[in-house]
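First chain A sits with chain B, and in the next complex the same chain sits with chain C.
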Partner chain A sequence: MIVSNAVRYPTYVPATVAEALEQKAGVANLLPIAGGTEVMVMFNEGLLAPCPVQSLHRLAPEWGGIREAEGSLVIGALATYTDVRHHPVVRERYPLLVEAARVTGALQIQNRGTLVGNIVNGSPAADTVPALFAYGAQVRLLSTRGERTVAVTDFYTGYRKTVLRADELISEIVIPPPADGARHYYRKVGTRAAQAISKVVVAGVRGRDSVRLAWGSVGPTTLRTPKTEAAIASGADADEAVATLATEMSPLDDIRSTRDYRLAVSQNLLREFLKRTSPGG
Partner chain B sequence: MKVDNDVALENRLSRVDALLKVAGAAKYASDQYPAKMIYGKLLRFPYGAGTVKSADADAARAVPGVLEVEIDLAETAKYPGWVIGHIVAENRAAIGDAEEAAALAFDATSAASVADRQYDGAGALDAEAKQRVDDVLGRSAAVVEGTWRTQVQTHSCLETHGTVVDFHGDSADVWGNSQSTFSMLDMAEPLGIDRSAVRVDNEFVGGGFGSKFGIGAEGRLAAQMSKKYKRPCKVMLDRREEHLDAGNRPGSIQYIALGAGEDGRILGGRIDGVSIVGFGRGGGGVTNLGDKRFDNYDLGAYEFTQSEINLNFSKPRAFRAPGWPQAVFALEGAVDELAEKLGIDPVEMRRINYRSARRHKQLGIGAELIGWNRRAPTGSQTGRVRTGFGVAGAMWPVWNTECGAEADIHRTGQVEVRVGVQDIGTGTFTLVTDVAAHELGLDRSLVRGKVGRSSYPQGPGSGGSQVSRAAAPATTHAVRAALADLTKIVAKEWKMKPEDVGYSGGVFTGGAKTLEWRKACALMSGDKITASGRTETGQEGDGTSDCVQFAEVEVDTETGIVRVKRIVAVHAAGVIVNRITIENQICGGVVQGLSYALFENVRLDPNTGAMVNPEFINYKLAGPVDIPEIVPVLDVEEGDTGVRPIGEPATIPTAAAIGNAIANAIGARVRELPMTPERVLAALDTKGAGT
Partner chain C sequence: MTIRMTINGRDCTTDANPMTPLLDVLRESCRLTGTKYGCGEGECGACTVIMNDELVMSCLVPVMQAEVATIETVEGLARMADDGAEILHPVQQAFLECGGAQCGICTPGMVMAGVHHLRHPELAPDGLAEALEGNLCRCTGYSAIFRAMERAAEAGRPA
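Now for the complex of A and B:
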């Protein structure tokens, strides 16, 4: 494809959140750009239909940081993977996020790409989303009409479909603290060692009497497997858990992998999860 | 005159063009922006076969900046990427807009996109041949029978094919990125001028691997448009076009039935090789297996048959050791399976059956370096991650080609050497410089090697791994001739006979007199002395480039992911000029072989015939993290003559060695490339030994 013609993408650069929200409400089809690691690839490939774009970079003072509020972790819309990897609180308490950030793209992508940018498009292969599912994260949406907060598990309504409205921007992701003593497990299986879209990705948190498992690239959206979680929580052994998983997961064939492979590997990873997080282990 | 071993001058200096390349100062064809340049772009059919249903060429022509739009509605396309027209414009953005405005719509007709649909087993043998095969297998102590498959791989050159042509009426300047500087003179034909009126600048080439010979459709369009608009014209392929229509290594389906005696000696059997060759022939197929001259092995009494399956895909082109990696993957896999059946160690099996004594020695070197004694019996491991070791070997014939060179010695003491051959990343600049510096005993900083222009003396294209072998002695001859002329000047000054003047390490001597290089050069009456030299076909001796490679891998039995930990690559290297460039060739060959083994794969949509992955997102190349420690070993023997071919043999055995290592680790064999996690898990599953 031919390089797109930049003239056809008028650019807005808001200096404040208020201005950003006004533009988002007033300009039709306005496309936000955070790190640009998705948008610019589409642009270069000629796959981005001409539209006005909104660069969020000047909002960094308001939206750039990672902080703690009322015991929860708050990740601003412009926080990058690198920020996530290096933040002491994230490193101490949210190992799944550190791991997800570590296996996303490579350093260049991690320096530019944002966590929020990763969740917006509803790609079932987005690598941080299973971690956010496993931690029960909340997504904060702003517009000139006000603010609302949605559980990340309710954010997606179908393949690449979300509840985000045309006039809304995401301001931050809020993540409650994991239970004390919980065990965390994250694994990405890609087509090569780095810079690869996942074939299967799983994130799991196991507390004393609770289990949360989230899977990427095995369905139309990132998904949890509640029956398997319940089975494990009520003491099922590995064979039972694996059998249950097969009843509630039906991955597809695509260019990156096959249904059979995805199911088999998901089952293998579930066994590994159980071994690694077993209370006695 | 035979100069073979005279070019021995092993050094470890970095490439002479390294700084130019890392600093972006090396100008490739795509970096050329002559004034008033226009841009051309080929339009291509996206599906396996069909025609253009509709197009709005007028709307495309109306886009500001567009000079010309041609769309051929009558053309019947036969593969994805088939040229159906072109756009020429003042800038690239206008081309994009014009392509959109043209609103091309297509009628796709049915296309052959799945080789296996056309494959119905090995071809029939006549009764006698069949009897011979049955007999030999019948008296074998062990027989292996199976079908191996290899994928279609594209060359994936970092710099896509492309050309800039500036036509001046009766002459033209051409900036190309060809593997053959002199094949770019074919531009004369579309330009309608004499070959001698074409000036080719082909100095920097971003990879070729066999795909960049001749002027190509892109060069032809650039020539035609430059001629028509009397302005320079650039046509560069984009990555999609590069995958679709700039060459590929044919796929293969290989049926092998081989038998061996109790002692491990291969007795014979049969090999049936089918090449998956796309729309036209070429690219080597798997034909080399049948050529006795190139035998890796003493295969005893065997029947060899071969045929082709045509898909609606572009024509293959020669690709780094055409036909070899696919053939060696299958054959070395089959030999490993025989060894396993007979309970013979794979290294020993090769000692019994390799013809080449050189390779016997290399097996010992490689086994020691990889730590072959750590190899556990095949299938004996039970952990989640299992380690395996594998070996494979190959050879490459030596070609001897004519090559010319020219050397100047300047009054200032500077030396310049010109050879028209190209540097496609292999290090020809460095080779020419180092050979000349060594020959004169001068510091490298005084010598400038120049390559890649049609105004320099002619030499071979970069095919068959022959450029270094030809350019090194040609350079030596030219430099010696220039030195002889300078010696005459010194002799005259000293009133001696030239024969009585000696020279070594930058100093002339005669009787008690000595004269340092720069002072001797200052004696010249003119600005410089120029002399030429050449090598002739068949002049520089022969031999083969034997090699063996060993692989150590780890296989994760939970995901099927293979991590190559180490490759030891032992290669007959002949005369070594620059150690860095030769080791770099070996490592590059291994990386490309590993990428072929585990990742690369052209995927065609079985319904539309379109290529589904004409990019680098889903056409996966090995990335830096996938690349293991590579240990290149240069095997040099007393009596080796000339610079040996290395570029091609380096990539041949890698996939086979990795395949054998995987089988050793997991006790199950993947007989199909690429050896993806899906295939590894499936192999484990069939074996019934999953986790």
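Now for the complex of A and C:
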């Protein structure tokens, strides 16, 4: 038996988005639960400080799906990794998301876990966030005060710190269409394929004259490397690009890996990115 | 909050605290102890059940999220023959024949993952290794489990 303290978590189960936002505005420290794959781990381990919780599952009709709107892809807050992996438009146009979903946990995790939960958690090792950075995704935030849209690259302000306000919920992720003919690259390097937390993860999109590169697990937040992007876009060769990367990336030592290892892996991944996405290659 | 579910075809209600993991409700309230507790962190797969035709770790589902859900556990797989004898599900039968279980802790979860894979092979495009990726076994070294799954697949695609 895992639970002994469930009574310390008063529960809210809103039936509509409006009700959910009222609760979020009115109940202090209310913790949303989407797929629960992070919250329940903490809960089961006794690491979740007592707080009121709000399960979003009844909002699935409104927030569950993936759709297209005005040429962009809209991923609802309750859309799971499994939804992403098997959606025809995502498969056709956003291969980095399919790949990121595929390497996140095992099927049981993918069936419950949401991309929005992955974003909010704010871990620099979150595996879908580099893909969302590379595609220029936007996050829609709702509250009883109204709605605002934030670029996912502006969502993080520091290690596990975000711009999400106490009364806000994320309703959806909006992703513009990638440039025609863009080439996509995603790699997760961990200790094993499934279930493992990343040591380095990179997502890249290379268009005719633009490059976007986003890296996970190499800093306090997911980050882009604009100098390296600019160097590649203006025709730098692999050696120059790799040298530029070293000037703007300073990974951390932690229990999963060392700084030097992460930088060396990142440089190798950059070479592979260049090879795989070279125009004509 | 009273939560209604259908477990192995039977209606079931529980007044358990809404945050209680589905695993605890199955084991403690429903006395369906086939589903095992291994880690409580989503890492081992011992608690795997099928919920609304999807494979889930029942330790990570707060029971409130299982409201009105259809749950299938290992106890619901076998059928009763006309003469009252129990007929195992082809995956269970194959585990038995191939030595796919040793200590047995991983087995119910492994069997549920296997049953689900035979129903929906398209959800694991990389095949059996991907389908069973979330289920750890400390005894068998997996090869007997893979043989059992191959045998079950040959025995026909059960419903």
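Everything that follows uses one rule, which is that the second predicted complex is superposed on the first by the 277 of 281 C-alpha atoms of A that agree within 3 Å, B and C clash if a C-alpha of one lies under 4 Å from a C-alpha of the other, contacts with A are read in each partner's own complex, and residues count from 1 in each chain.
The rule we apply is simple: a residue touches a chain if its C-beta (ideal position, glycine included) is under 8 Å from a C-beta of that chain, and two chains touch if they have at least 3 such contacts.
Note that the structure is predicted; figures quoted are calculated from it, not measured.
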Which superposed partner A:258 touches (first chain B, second chain C, both, neither): first
Partner chain(s) touched by A:76 [first = chain B, second = chain C, both, neither]: neither
First, second, both or neither for A:7, with chain B first and chain C second: both
Which of chain B and chain C A:178 touches, first, second, both or neither: neither
Touching partner for A:271 - first (chain B), second (chain C), both, neither: first
Touching both chain C and chain B, counted on chain A across the two superposed complexes: 1-3, 6-7, 45, 193-195
Interface residues, chain A side, partner chain C - complex: 1-3, 6-7, 9, 11, 13, 33, 35-37, 40-41, 43-45, 53, 55, 57, 82, 86, 105-109, 111-112, 193-195
Chain A partner contacts - residues on chain C that touch it in the complex: 1, 16-21, 23-24, 27-28, 37, 40-43, 45, 48, 54-57, 59-62, 64-65, 67, 113, 123-124, 130-131, 133-135
Complex contacts: residues of chain A adjacent to chain B: 1-7, 45-46, 189, 191-197, 199, 255-258, 260-261, 264-265, 268-269, 271-272
Residue ranges of chain B in contact with chain A within the complex: 41, 92-97, 99, 238, 240, 384, 558-561, 563, 598-599, 603, 612-613, 615, 617-618, 620, 622-626, 676-678, 681-682, 685, 690-691
